[in-house]
Amino acid sequence: MSKIGVFICHCGENISATVDCERVAQEIRKVEGVEYAIDYKYMCSDPGQTLIKDAIREHHLDGVVVGSCSPRMHEPTFRKACAEAGLNPFLCEMANLREHCSWVHEKGEATTEKAFDLVKMLVEKVKRNKPLDSIKVPITKKALVIGGGIAGIQASLDIANTGHQVILIEKDPSIGGHMSQLSETFPTLDCSQCILTPRMVEVAQHPNITLYTYAELDSLEGFIGNFTAKIRLKAKSVDHKKCTGCGACFQKCPQKRIPSEFNAGLGNRTAIYVPFPQAVPNKPVIDREHCNYYKRGKCKICEATCPTGAIEWDKEDEIITEQVGAIVVTTGFNVKGADFFPEYGYGKYKDVLTGLQFERLASASGPTLGEIRRPSDGTIPKKIVFIACAGSRDPAKGIPYCSKICCMYTAKHAMLYQHKVHDGESTVFYMDIRAGGKNYEEFVRRAIEEDHVNYVRGRVARVYEKDGKLIVKGVDTLLSGQQVEIEADMVVLATAGVSNCGAEQLAQKMHISYDPYHFFAEAHPKLKPVETNTAGIFLAGACQAPKDIPETVGMASGAAVKVAGLFSNNELVREPLIAVVNRCAPPQFSTCVGCFMCQTACPYNAIEREEIKGRDGKVIKTVAKVNPGLCQGCGTCVAFCRSKSIDIQGYSNEQMFAEVMSLLNH
Amino acid sequence: MENNNKISGDLLLHTSVDVARCYQCGKCTAGCVLASEMNFPPSYLMRLLQTGTEENYERILRSNTIWLCLNCENCLGRCPMEIDIPKVMDYLREQSLNSNKLHPDAKPIVSFHKSFLDSIKYTGRLYEVGLIAGFKARSFRLTQDLKLAPKMYLNGKLNLMPEMIKDRKGIGEIFAKTIDNPKTKHK
Amino acid sequence: MKIGFYPGCSLKGSSREYNESVVAIAKALDIELVEIKDWNCCGATAAHSMNEELSLSLPARILALAEAQGLKEVVVPCAACYNRLMVTQHELKDDNKRGRVTDIIKMSYSGDLKIINVLQMLETYAMDKIQAKVTKPFAHKVACYYGCLLIRPHKILQFDRVEDPQSMDTMIKLIGGNPIDWAFKTECCGAGFSVSRTDLVAKLSGNILQDAADRSAEAIIVACPMCQSNLDMRRGAINETLSKPSDIPVLFITQAIGLALGVSPKELGLERHFVTVKL
Amino acid sequence: MNNNNSEFEPKIVAFVCNWCTYAGADLTGTSRLKYATNVKIVRFPCTGRIDFMLLLKAFAQGADGVIVSGCHPNDCHYTSGNFHARRRWITFRGLLDFMGIDIRRIQYSWVSAAEGAKWADIVNTTVANIRELGPYTEYQKVAEYLDKEEYNG
């Protein structure tokens, strides 16, 4: 005869507004096996937890059900509370009365009844719970950071500085990411490269950081503390040990007209190239798609000019395997191209640019050495129009969200333009100005008041070219919808920030979830912003959602601390919710017949063969055995087992059946 | 949540357009070819609807805006929220018509539409001579297009006799059951 | 091959040269056009400005007739009719609208008729034939004007690109012409007000002609009788709004193709235009 | 919703995985989207864990409908659990048919952690569908079958 305690939480009014918590408590008391039941305003609060602990001691409870929020939120909290009162934490279950009941139904009889059913369901389950002991597994104290932008750089340095090993992989030939492309940064207007490049060098020289550029994650296996990562080192075709980075090769390369990724297509690069002068590592790779030799089988000029014989024509991709305990994903974002906008010419007008392209124009390291010039004819634009929310907040284009950084960088662009072209006229078409952040609003006001940028509230309907001018058809909604037509020399679109290409595939490799726009999903929108749903994998920067540099750096340091925290233990405690093969008395020993269907089902190779021997050492039968270190508790084997000999702790057949029964038997 | 506002509620019911979706970016107005001729442009009209007040609704029904809309649908084509303004205009025109709140500018346009439909009602097809005649009679613009008609005739662009379809009865019934039937009018 | 045909009122009246040219090139490209029996007017702008059910019932009758006649696919050269028929077919996907309308027209309607415009017909059935049969390349610099009804609402029509459409330009290139890149491909000419507000029409059509002229187009190519009669017959009024009167002719795409295929200008009804065609 | 059926409140059990659909249903809550109270969620680690005997048992015990929902293909937290579940479902469907069970009473779907609205949708449409189908009375057959199997948790 079990003694279950039930604790119904009001969650302030979140639950009690639609569920009659008091009645649920009263009714549940009548259920067989329920010893004690009570409702309380905030069960997770300190007095709430004390309430539970005292009840456990007073009433010698052997099981607890807390009816409150989602177990994904507070299961650890309440299990800990139970443990503190001497009850095995796995004898505590939660009924999800908030997310799955009070928040999704109107106030009423049916809602309270459902709440009761949910609680009763867990009562029936917990009656059949068994005390379990956590499993301890060793931790590999080495971190993998994926993506060498500012987020990856910051996370790597922070982890490395706690004394732990870091492997940083970057898919491009150099680290630096988007930040290295930026001219000056808001709200301080300090030069992006001036603050970034020292960090890049630090990464390259840090004793605890192993940097692999031109490398991508090939596959990932294992679990928190014990991941096995296969990393593809793409063939650079240049031996960086021999290469001195003298640059002779790319000065001679005949392929000179390849659009430079670093310059967002505004400048050109060669086939053997270093993306930009401050690149880390500052050594070239060969872009095989454009290289004459790989395309036509002859050229090899770079090889002839290379003083150290570093060119490796037949070098192939290499796969290396690394054991790591934690992963920080910092793969960043991308921006929509101008060709995404029919109304602005499908990208056919040379002088309609994206914000990122404008950054390159304004940057001293850019194709025009920092002079704002029209890509079409190299003249200096006298009239320039900036269009905010280009693609963002535009459900029709499939992007309903705000890209967050555009308001600020558009103000910065207009400012930079006014500083560089004194007699120039700049207009910004905007819908709202979102300048939340330290000194952000002041920054925008400066653009308007001191640099006399003309801000017009309204969206632009279309842009077309006539006699070398770009005709911008806009509107001023503050003048009750007066139409505004501007003959501009250049138009800059603050195009939407979107998830990086391949984000979805990467997420699937790592089994982390992502949102409909392929930004990676954090474990909890407020309280677990850097964790993912997969333990041991953390997020930082714009791969989670568009964000600016300060936020990204903060998040990266946050993720680093999580990793350091994990590495501060020698062993990792894991929930014992894993599969077990039953055992029974001789001569049967186990109902397992050794068909090993479970083995075919297990994604983790956690099923081993065990020989049961008699006293004489003769093998009586071979049965399945679960390796608790490897089992992740998915339970696929349980559904596969014909003789029902394998079961999963915490989700056992008995428990699950009891839950279903309780829902229907009345 | 229920929309308790009579005006936007009815609009939603008949056009399935939810005015609350409009966030006043003005893109529709920016691209509207006749915005400058209107009492107020489309985005402003959407704002008036959002207020949900009788007095602003009155302004709309009495405006020339709804009648000057050519249904070229550039607004819809470009609206980030995919709000079907042309459909709203159709609805508002019908409302304005049924409640006799026509703006003066609307009169010739309505006369034209009426003459157009009359000509279909009786022949099943458009009879251009009849259309022009009817329009002139309604709008008292007796001299309009006087220069045009003869040349049209000479270029063989005008049929002096209407083309008639067989099932004129069927067409008549369609009219009787729709536009000529007071019950079909959205109240 | 055989295909259903809905000419619509203007092709029988003020824009009969469009009809003539469609029929002429259909013959030249051995496409047999089967006219819908006893078809009625689609109601055009007038109907949907005045009464929704009427604006659905008139096209619904046409579609029902075509279905009854066993037609699977119908070509509709008039952009206005094409638009009304497409929109109606879309609206009638809604069960209770379909219920109401079929009660009104008292005919059975399934809604699986395929409705296409002239460009779609040529794209699907005649590209290679046209290419093969071009005898007099249409070597002219022209502005292809698509207007409104042919491409909007895109969600329903699903034809070509919303802004800067290409299908007519491709067609012109195919017959040896040189389509210009210009700014008013899809801006409205105001046809709906051709009679009631000629002043506005002149202004709107003026902008269109002006841009075409500025970019030295020899002709404007259209696939809509409304646009054509506006830009052609209303030229007098339009010219009053222009700094310099324009004599750019306005041809139907079918006329341009006809000329390229060597069909006589008379057969194509070119002499019916107000603005003389000297090409 | 038509009235003659509206007094019939179907009992529907949802078997969902912890990582995608359970989280998705949490999101439905945090976004305050409303759905019918008829559906009650039973949480599993993974759809791969869901033994379809449980579904039979559910029907046997008087469920009018069942929802099985997990991660989208390739998104399974455990790599391949949802694929196993899908394969099992396909074979199981045959068995149900054979036993004369109306498979329209089982809604098999994928709802990710980001698809709160989709979950509300699935619940509401399933409830509507089951209402149309009416109460499920033929489940005794299943019950007998199960007793023969002497299968109970």
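Per-chain residue numbering starts at 1, and chain names A, B, C and D are given in the order in which the chains are listed.
In this text, contacts are C-beta pairs under 8 Å (C-beta built on N, C-alpha and C of every residue); 3 or more make two chains touch, one makes a residue touch a chain.
Just so it is clear, the structure is predicted and the values come from calculations on it, not from any experiment.
Least step count on the touch graph, chain B to chain C: 1.
The interface holding more C-beta pairs in contact, when A-B is weighed against A-C, is A-B. The distance from the centre of chain A to the centre of chain C, with each centre set as the mean of the Cα atoms, comes to 51 Å.
For chain B, residues touching at least two other chains, in rising order: 74, 82.
Residue positions 162-163 of chain C each touch two or more of the other chains. A list of each chain pair in contact follows: A-B, A-C, A-D, B-C. Partner chain B is touched in their complex by these residues of chain A: 343, 389, 393-397, 431, 457-462, 473-477, 480-481, 483-484.
The part of chain A that touches chain D in the complex is made up of residues 70-72, 96, 98-101, 103-106, 110-111, 113-114, 117-118, 121, 507-508, 511, 513-516, 521, 525, 533-534, 577, 601, 603-604, 632-636, 638-640, 648, 651, 653-661, 663-665. For chain C in complex with chain B, the residues that touch the partner chain are 9-10, 12-16, 38-41, 43-55, 57-58, 61, 103-106, 148, 152-155, 162-163, 186-188, 190-193, 195-198, 200, 204, 233, 236, 271-274. The residues of chain B lying in touch with chain A in their complex are 23-32, 35-36, 40-44, 74, 78-82. Of all the residues in chain C, the ones that touch chain A in their complex are 161-164, 181, 183, 211, 214.
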